[in-house]
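Shared between the two complexes below is chain A, which pairs with chain B and chain C, respectively.
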Partner chain A sequence: MNAESKRSFDVAVIGGGPAGMGAATVAAECGLSVVLLDDNPGLGGQIWRGESGSSKHTQASHWFDRVGRSSVEWILEARVFQVGKGHLSAESPDTVHQIAYSHLILATGARERFLPFPGWTLPNVLGAGALHSLIKSGLPVEGKRIVIAGTGPLLLAVAAYAREKGAQVACIAEQTTGAKFACFGLSVLLVPEELEEVWQLAWQLQAVPHWKNCWPVAALGKERLEAVRLSHHGRIREIASDYLACGFHLVPSLELAQFIGCAIQDGYVAVDENQQTCIPGVYCAGEPTGIGGFELALVEGQIAGFAAANRKDLARKLWRRRDAGLRHVRALRRAFELRDELRNMPQEDTLVCRCEDVPFGLLRAHQSWQSAKLHSRCGMGPCQGRVCGAAAEFLFGWSNSSVRPPLFPVRCSSLAEMPVETIPEIHEGGSK
Partner chain B sequence: MSFRPDIVIVGAGIVGAACGFELAREKFSVAVVDAAGIGMQTTAAGMGHLLVLDDSEEQFALTRYSLSLWNALAKHLPPAVEYSRCGTLWVAGDEDEMAEVVRKHTYYGERGIQTEILDAHALREAEPALRRPLAGGLRVPGDAVLYPPCAAAYLLQRAAELGAKIFLGKAVNSIRNGITRLADGTVFHSKFIINAAGQFAPKLTPGIHIRPRKGHLVITDRYPGTITHQLMELGYLKSAHSISADSVAFNLQPRKTGQLLIGSARQYEVADGNVDFAILSRMLKRAMEYVPSLGSLSAIRVWTGFRPATPDQLPFIGPWPDDPSIFLAAGHEGLGITTSLATGRLAVDFLLRRASAIPVEPYLPSRQIEGVTHA
Partner chain C sequence: MPDSIVVWVAGKNVEVPKGATVAAAVFVAGAFCRTSPSGQPRTPFCGMGICFECRTVINGEPHRRSCQVLCEPGMVITPDEC
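Entry: the complex of A and B
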């Protein structure tokens, strides 16, 4: 049934995006034995998916090259489903990996928050990042009309990329106000590294309507999406469209950090100046410590990698760049804060949880995520609440702090083969 | 607060909900109070089986009576309760266990419960996923499963329609002499207080012998049709009987959603709710011995819970001798879903001073003081 592999490493890095690649590479370059685990078929995370071997993105190709030359061992398509003190278990298609480690670096990234509105479950309504990935992996969009809705600079990047591939971007619907957006634009001018990219985006998108105070009210269509109904400055407009790509921020993937008991502050993993969490020997880098994009993630990852290798001198040299990135993160958060009106997007019968078909109206009766989960099954499906949890958090203000094993769905046989000494310290607030 | 209920029920688990439902039907004015929400503790953690069990004559009487009440209610249960009369299949591994099948068949039959003996071939026909060889089994067609939190919510919704008031998120500090004091300062004066706080009952009524008995469960993704009955091993009786040692037993349920619920494990003297991978592993391996294909199915959640266990494995249903205003309805261990409705009936019978359908003496809390329960 399952092959079993037992290995021991100085450092285990979970997540093979920019933060994880940066962390693993520098730790290995300092002479440590490093394993890098990711559940995707390739390294690069969401942002550099499939860019191995391509020369286009200079940062990406630099890091793919560097990690390839290092002694880092990576294990792909491996989901870490259990983490204990000094030990973790991961499942790949035919193997259970039992890995002992001395230092653990969490680089678990982020996922898109999808907010529900009528019609959001229609085919061709997608996450903004998801559309980006699909186009990248070959979805033909030439001549297709695309509406991009939500908030933040990710929308611009996706719009530019879709246009480059021949799509007609009908409009970008940005929920924040024109004033907040302008403030953010000014703040970008103060970060020279971002400037060139922003100008390029602005140039590519000059022909695309970019509406502020605008958000989706409904996705319309019978079999698949045909049009998008938007609220724009309080007026309703309908735009014919083949695709609707939505992005209401990225939300950090915190399950693993919460599971092993890392302190969470304001929705992010709390870390010290060397990216160490409240648990000695456990570091966190990238989006789980603040949504800041790949450049910040790379810097944080390297700091964590150096710190794990006990090269605090090298880590320290990166602090200034990291702190500048964090200032940018705060500016982003201010500019693109989700407005209250978005809580009114779902109707009574709009599904919030797709795994278990739970409508908005059924959830409203509950006082807590625990109670809603228990009685409506919201979040009880195979996605384990990864999609609807972030929506419910925004819609109802519910927090979901209890994380149960397994961290990902896992074969019963893998769970049965767990080494018994792996007993994590979980503190559950609720019942079950 | 000016609201003066006849009865205050502490605990909105399945037992408190059933008491609320039965009392409201008899026109009592009822307040149900819970520190969390509806069915958030043992009710949320359990398997949700409705079954007749014969560990003792008294247990059989209570489970049989309660199951008849569930059968009468079944047609009213909304889809969210996921009631399914899938029946129980007791699986016999060898000839010794087959002898137990025959004994059980006779015992149930003499007491009016129809069962059916399956030989090895018939067992294979009934549940092809079971390993081979097995000796046979006993089908109890009247047993059922449901989703307990929604069952509790349904019972309380019915109670509320009949005028019961439900107070959720309200912790109770004390109950004594007809006075219920809530943590938020609210005080209820009532003729009776039903302590249906399950594993927390001794906190409010010190001296009751209820100990938490920890369990583990695993639920899989949806695999409809893998099994069609609730499956139980006959070794269950032997292992569940052991009062002190940790034990696991094969218990597999098909849920209406197509998911499979895998149990069961019992541990005493464990206070924390952490998943214990040693016992989880034993439990899963036991289940995979019976249904080998389980190994390749995807487990999506593991959780733990605590059953309120009494020394003689019978619940406390009746007045508390030290305080005549307190009626206990607690200590149902792993059978609270099954026996909740009967508990509600016995409470109503007591309050109306009418005779019950079954002898009530075995469940009276006074048995504890008389020393009968000390196992």
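Entry: the complex of A and C
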């Protein structure tokens, strides 16, 4: 049974990562009443999760401290499943929160892009970011052999962290070319603030083979992962491994923005110079407006927070830092663009939809995401296409822009408390 | 282990550090989380609450996403059937 809580705030911020923490804090410091909602047990988002009070990262401790001293009211383990003009609904383990707001700041972050290949559903094959957060949250990896595969700078961060915790990183398989990677490296070296971190990473990873033009062909094993087969410069290599951590860069989490009707441009939420979307009073900050890292997310969040508090003078002071961050967004995009060969990774019987076990061969017969969904149940499981949707977009060029409430599977009692006008006629994908 | 807690995963007693997620405990136990519709065992995949592969039964409550739940002493964790 749900308890119900009805509250009203000047600003509602969805997402407690760097963007949301920055936005909520400055808006509260300007005197507004602010609620910050996140579906995890702690603030910090993908990068600082679980670090409050113990962080080595100076920026993290600064912001945890500042949000703690501010009047921001945060609600954790609360997943926003419906948002409309001036109100939203979120579900936490025993409560459904009905929140009325004047300004809304969407800071929903990004998730990893996963691409299917034979064996990717085997136990002990997991996301690169997943391995990172699992190690952080208590998974011992000392002495374990790990292969890290996919694309993007996250692979390096995960490799370094796993090594620090005693794992043996067998290799990093990076799909991009050596030349593109080198260009990216140079662009990072031009940013003085990043220099120290880059050298540190290079130092920590000096003994780890970092193969370019390399991607997974298959994950092998009977009950669990035993080895990884990789294509490297056209040659096949097989490497024994306890874990395979894979991820093909990040894709923005756009469901809430799409649902409320924000304009999307080139796959990201379109915003003006104050991070306002096409809907007045609705702002967006961080990864949904472009994948650019936590520094940019923090700056964008603060701009949105100041703008919501009508302190455009303070927002403007941050524009230059944001524009520098946007150059990094473009460099990342160029460097880690997916190569065409990755479309050949799945075989006929490779599952694309992990929720409903729908194989690649079945999907190939369809012309669109909608048709595939209707006939094969791909994307109809509880993840609602969050994993297979991004894969299908890359594999088949299908776009998925229709979003229906509830945005996540929720308890029936929470659904019953949704405002009537937002209840869908057909309830799809809510098979919790 | 200082600051560790003990939970039950698939009938096995496992020790994890305080602050560990149930997902981490499932790996430590060498167990599985859920069985897919075609009968494949699965372990946590995205680690961030979006893929639903980590669904387990926690203290009798089904479909809990173990990557977003912290271990508590004595918790009983068994595989989810869906």
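Convention: the second predicted complex is superposed on the first by the 418 of 432 C-alpha atoms of A that agree within 3 Å, B and C clash if a C-alpha of one lies under 4 Å from a C-alpha of the other, contacts with A are read in each partner's own complex, and residues count from 1 in each chain.
Following the convention adopted for this analysis, contacts are C-beta pairs under 8 Å (C-beta built on N, C-alpha and C of every residue); 3 or more make two chains touch, one makes a residue touch a chain.
Note that the structure is a prediction, hence the values are computed from the model and not measured.
Which of the two partners, first being chain B and second being chain C, lies in contact with A:349: first, second, both, or neither?
A:349: touches no partner chain.
Is A:410 in contact with chain B, with chain C, with both, or with neither (first, second, both, neither)?
first
Identify the partner contact of A:382: answer first if only chain B is touched, second if only chain C is, both if each is, neither if none is.
After superposing on A, A:382 lies in contact with both chain B and chain C.
Check whether A:337 is in contact with chain B, with chain C, with both or with neither, and answer first, second, both or neither.
neither
Using the superposition on chain A described above, determine whether A:4 touches chain B (first), chain C (second), both, or neither.
neither
Where does A:273 make contact in the superposed view: on chain B (first), on chain C (second), on both, or on neither?
A:273 contacts neither chain B nor chain C.
Figure out whether A:123 sits in contact with chain B (first) or chain C (second), or with both, or with neither.
Touch partner of A:123: chain C, not chain B.
Enumerate the residues of chain A that count as touching chain B in its complex and touching chain C in the other.
Looking at chain A, the two contact sets intersect at 381-382, 431-432.
List the residues on chain A that touch chain C in their complex, please.
39-41, 46, 50, 77, 79, 111-112, 114, 121, 123-127, 129-134, 137-140, 223, 354-357, 381-383, 386-387, 431-432
Can you list the chain C residues touching chain A in their complex?
Chain C reaches chain A through residues 16-17, 19-21, 23-25, 27-28, 32, 36-38, 40-53, 55, 63, 67-71, 82.
For a test of understanding, state which residues of chain B touch chain A in their complex under the given definition.
Against chain A, chain B makes touches at 36-41, 44-45, 80, 149-150, 153, 168-169, 218, 220-221, 257, 262, 273-278, 280-281, 284-285, 287-288, 294-305.
For a test of understanding, state which residues of chain A touch chain B in their complex under the given definition.
For chain A paired with chain B, touching residues are 1, 82, 366-368, 370-371, 374-375, 377, 380-382, 384, 404-406, 409-413, 415-420, 422-426, 428, 430-432.
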